[in-house]
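Order as written gives the chain letters A, B and C; numbering starts at 1 within each chain.
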Amino acid sequence: MKLNKTAVGWLNVTPLLAIMVPFFIMPIIVVAIASIMQTDGFGGMFMDPTLENYTYVFQSALTYRLYFETIKFAALTLIFSAFIGFWVAYFLVFHVRSKLLAMGLFLICTVPFWTSNIIRMISWIPLLGKEGLINQALMAMGFIDAPLEFLLYSDFAVVVAYVHQLTIFMIVPIFNSMARIDKRVVEAALDAGASKFDIMRYIILPMSKSGIALGAIFVVSIVMGDFFVVKVMSGGGTASVVGAFYEDIGVLQYPSAAASAIVLTILVMLMVALILRVVDIRKEITQ
Amino acid sequence: MTDVTNATISTRGKRRARRNSSDRTWTFYVLAAFFAFYVIALYGPMLSIYILSFQDLRGGLVFPMRGFSLYWFNELIMQTRAGDVSGSFTRSIYLAIAVTVITVVFSFMAGMAFRRRFRGDTIVFYLMIGSLVAPGLVLGIGIGLGFDMAGIPTNWFTSALGAQLSWTLPFGILVMFAVMSRLNSDWEEAARDLGASRAQTIGLVVLPVLAPGLIAVALFGFTLSYDEFARTLQTAGAQNTLPLEIWSMTLNVTSPALYALGTVSTVISFLIIGVSLGSIILLQRRNAARKNISE
Amino acid sequence: MGTGNGDIELAGVTKSYDGETFAVDGINLKIPDGAYCCLLGPSGCGKSTILRMIAGHEDPTHGEILIGGEDVVGLDPVERRTAMMFQSYALFPHLSVRDNIAFALRVRGLSKAERNAKADAMIEKVHLTEFANRLPSQLSGGQQQRVALARAAITEPRVLLLDEPLSALDEHLRIKMRAELSRMQRDLGITFIHVTHTQMEAIALADMVVVMDQGKIRQSGPAREVYAEPKNRYVAEFIGGQNVISGKVSYINGTRATMAGATYSNIEIPLANGKRLEDGQSLDIAIRRDDIDLVRAGGDLPDGSTSVEGAITGVEYQGTFVKVMMEAAGEEEFVAYVPERRFFEESLSIGDRVLAIWQIDHAHLLA
């Protein structure tokens, strides 16, 4: 009657595996197989194992430019969202005295998460555009004579849209790890004569590290895997890794797209693994 | 003796008071301003498209407003353009409901499994993390190709459902971990001790205790599905879901109808949030009501 | 007293989680029906594991557990007719006091009217009638404990298992609830097994005290026996109230012997019935702290007593007596409980050299 722990555990994760195997493992395998197949030029593929698709990917100067652009966006988004997320969480945890108010303000930060990302991205267009609100305002106030062109359909707009979407992924885990810091530790440090800067450096920053790492996993994996925001907000001027192989698929170049997809997947997994070395995510979440 | 104690207390009180007032130095005001700026930047753009969606027929994609009308909402429903807005709405809602139900049930089970270490649990855990961080379009292409190779047509309620679950399930399980960290295993043991069967323990103790957390997981499942794009793009088959519809509109529609769609979509989102929060509050109020009876 | 089948026997019970180290290591123990038994030991000594094995929340790796003469290993808690009270109380947070107490009846399929009637009777017994509709979070610690007790008792168990039941309470409440537990046990007339790490709690409550260390039983018996006649150094030191002195037998003379150590040379010890000592044998003796009298060094020894000299290192006033700490007989903390009046007659203070005197027959030889 009594099942052992391992059997019960596996029984309970069976439904999860029933999704993971066909919709995560299989697709990766399928793409990996497709990446060593060849195309007949008309959208058909045939099996004749080759690494040509990979040599093509690695020899193309375009590849390096695409990766440079995408990693640049990931890094910029990471920096800004971590900076904003850290100070917002710090303000809520350490400066708002009423717990209820802090919770309320925290909820205000999270509500937009529940609305469509695409809509939130589009919503920058009437603000940043040539005739947008910001340009109108700046011109009305006489700061500028001609509308600023770099606001929309530019790298700037891409980063704004990413940060707008993803800062929430930073705020929540950082807020959680900061909320776990015992306020008495800070008071003890003050009593020991620590300055505000010391407290930040020796207590708050190290203890929020895991939250930042957790947020970074989401931000990095989402930006690296995205092509939608880049496509719309850059106005087509900038491409991205995913965007490039999406276009390959549009012209039925499956094998080269698949090779590129595999390279990207491996890169993202490596980045996440690197972050996971900093934080024991499992321990972090179950705490 | 008492004098001494009073003296200590009062100096301590003074010191405390000084420290508290020194909290409100420039850092507080700088951070408060920073926070306010963040919230404005968070909500400002969204508010602007909600307003612009009521733009008059003569108005364009940007301010100023040329008058208020429901013209662009009407155009959405009338389907004067190519595309199937209301159909994609219905599909997205059905799909999100299916994803929600499956996510809650499966991630509850997985959450229960991960409360104890079992042989091989680390593999399952990292498999899940892998599925969470894998580029969505890559999985979408793989699923699309896989269905193609197997000769099964892709469809929003088959391949897209699975594709979305590969993202909502790991996410739901991570949230479930946080939810379950509040579940004390003593409660289950106490229930067993009092003669409850496994099913009774889950039905009478575990589920009621976790109810607010399960609603939160459901909310995550619904929103993530309702908003999912990258994994759905190559797997939805012939009929679009709402985000795919919006995507195609962003590429070729240059009228405030796009904003109107955004407004409608957001209203739905807020309805869902409202219902979820409402049910959590209702659960808690029922408990509070008990207190009132007893007093 | 008792329902007649709440006696418990553990035979060779062993528990290992990893196959190498033993949380419980070959325990043999008999607890009579209707007894109040305390399992006493430091944290990690295996006492809670024993409790959980008796309750059926864990299975022993080896050995038998008999309740009322029947081997219960593998049976569900209900089939064993045991009930457990958890350290955290484990009250269901979403259920009212009444629903918590009626839970066992609910899962047995009793109708709502029936189970509420029974629960209300039990609620009255533990004086919680006015709180019946409250949630656990709206109760004080003492009230929560009474709910936990009532919830366990309503299953009419033959054995009630209590895991550190008083540890969550403050000192004042702990002493009050201690009396209540004792009363409850007499009322119910069933076997209570109570796990604790507090010596005073065990001694105050138990008919039978079981002292444990590292998965093994060090001594079991009536409270007074364990307190007054510890079998070994571990028990003497853990139960407290004793000074333990180590030394070697230096001289044997009929019914007396002399013991010597590094810093003293002539403590006389009794040779109780049949104890065989040899010259040069290592030995521990225990002397109760309240059997020791202090006089200034150089004073006279009364007849039949022996002494050791030392310096006072600390004095704590305890009200009815004074706790005097000294360095003597190679022990860093040699303690005497001197009656208050007696202490102030002598007016001793820190640094004074004194003789700690006791009746030779009051010393107790440890194994």
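Convention: a residue touches a chain if its C-beta (ideal position, glycine included) is under 8 Å from a C-beta of that chain, and two chains touch if they have at least 3 such contacts.
The structure presented is a predicted model; accordingly, all values stated were derived computationally and were not measured.
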**Message:** Tell me the shape of the graph of touching chains, choosing from line, ring, star, complete and other.
**Reply:** line
**Message:** Measuring from CA centroids, which chain ends up nearest the centre of the complete protein set?
**Reply:** B
**Complete:** Note: chain C sits from chain B at a C-alpha centroid distance in Å of 53
**Complete:** Expressed in whole Å, how far the mean CA point of chain A lies from that of chain C is 57
**Complete:** Per the C-alpha centroid definition, the whole-Å distance linking chain A and chain B comes out as 16
**Prompt:** Considering the complex alone, what residue numbers of chain B touch chain A?
**Reply:** 19, 23, 27-28, 31-32, 34-35, 38-39, 41-46, 48-49, 52, 61-63, 102, 105-107, 109-110, 112-114, 116-121, 124-125, 127-143, 145-146, 149, 162-163, 165-166, 169, 173-174, 177-178, 180-181, 219, 223, 226-227, 229-230, 234, 243, 246-247, 250, 258-259, 262, 265-266, 269-270, 272-273
**Message:** With touch defined as at the start, can you tell me which chain B residues reach chain C in the complex?
**Reply:** 184, 186-187, 189-197, 200, 204-205, 208-209, 211, 287, 290-291, 293-294
**Asked** Where on chain C is chain B touching in the complex?
**Response** 55-57, 76-78, 82-84, 86-88, 90, 92-94, 96, 103-104, 106-108, 130-135, 138, 151-152, 155
**Message:** With touch defined as at the start, can you tell me which chain A residues reach chain B in the complex?
**Reply:** 5-6, 8-13, 15-17, 19-20, 22-31, 34, 84, 87-88, 90-92, 95, 105, 108-109, 111-120, 122-127, 129, 131-133, 136, 164, 167, 190, 196, 217, 221, 224-228, 232, 242, 245-246, 249, 254, 257-258, 261-262, 264-265, 268-269, 272, 276, 281-282, 285-287
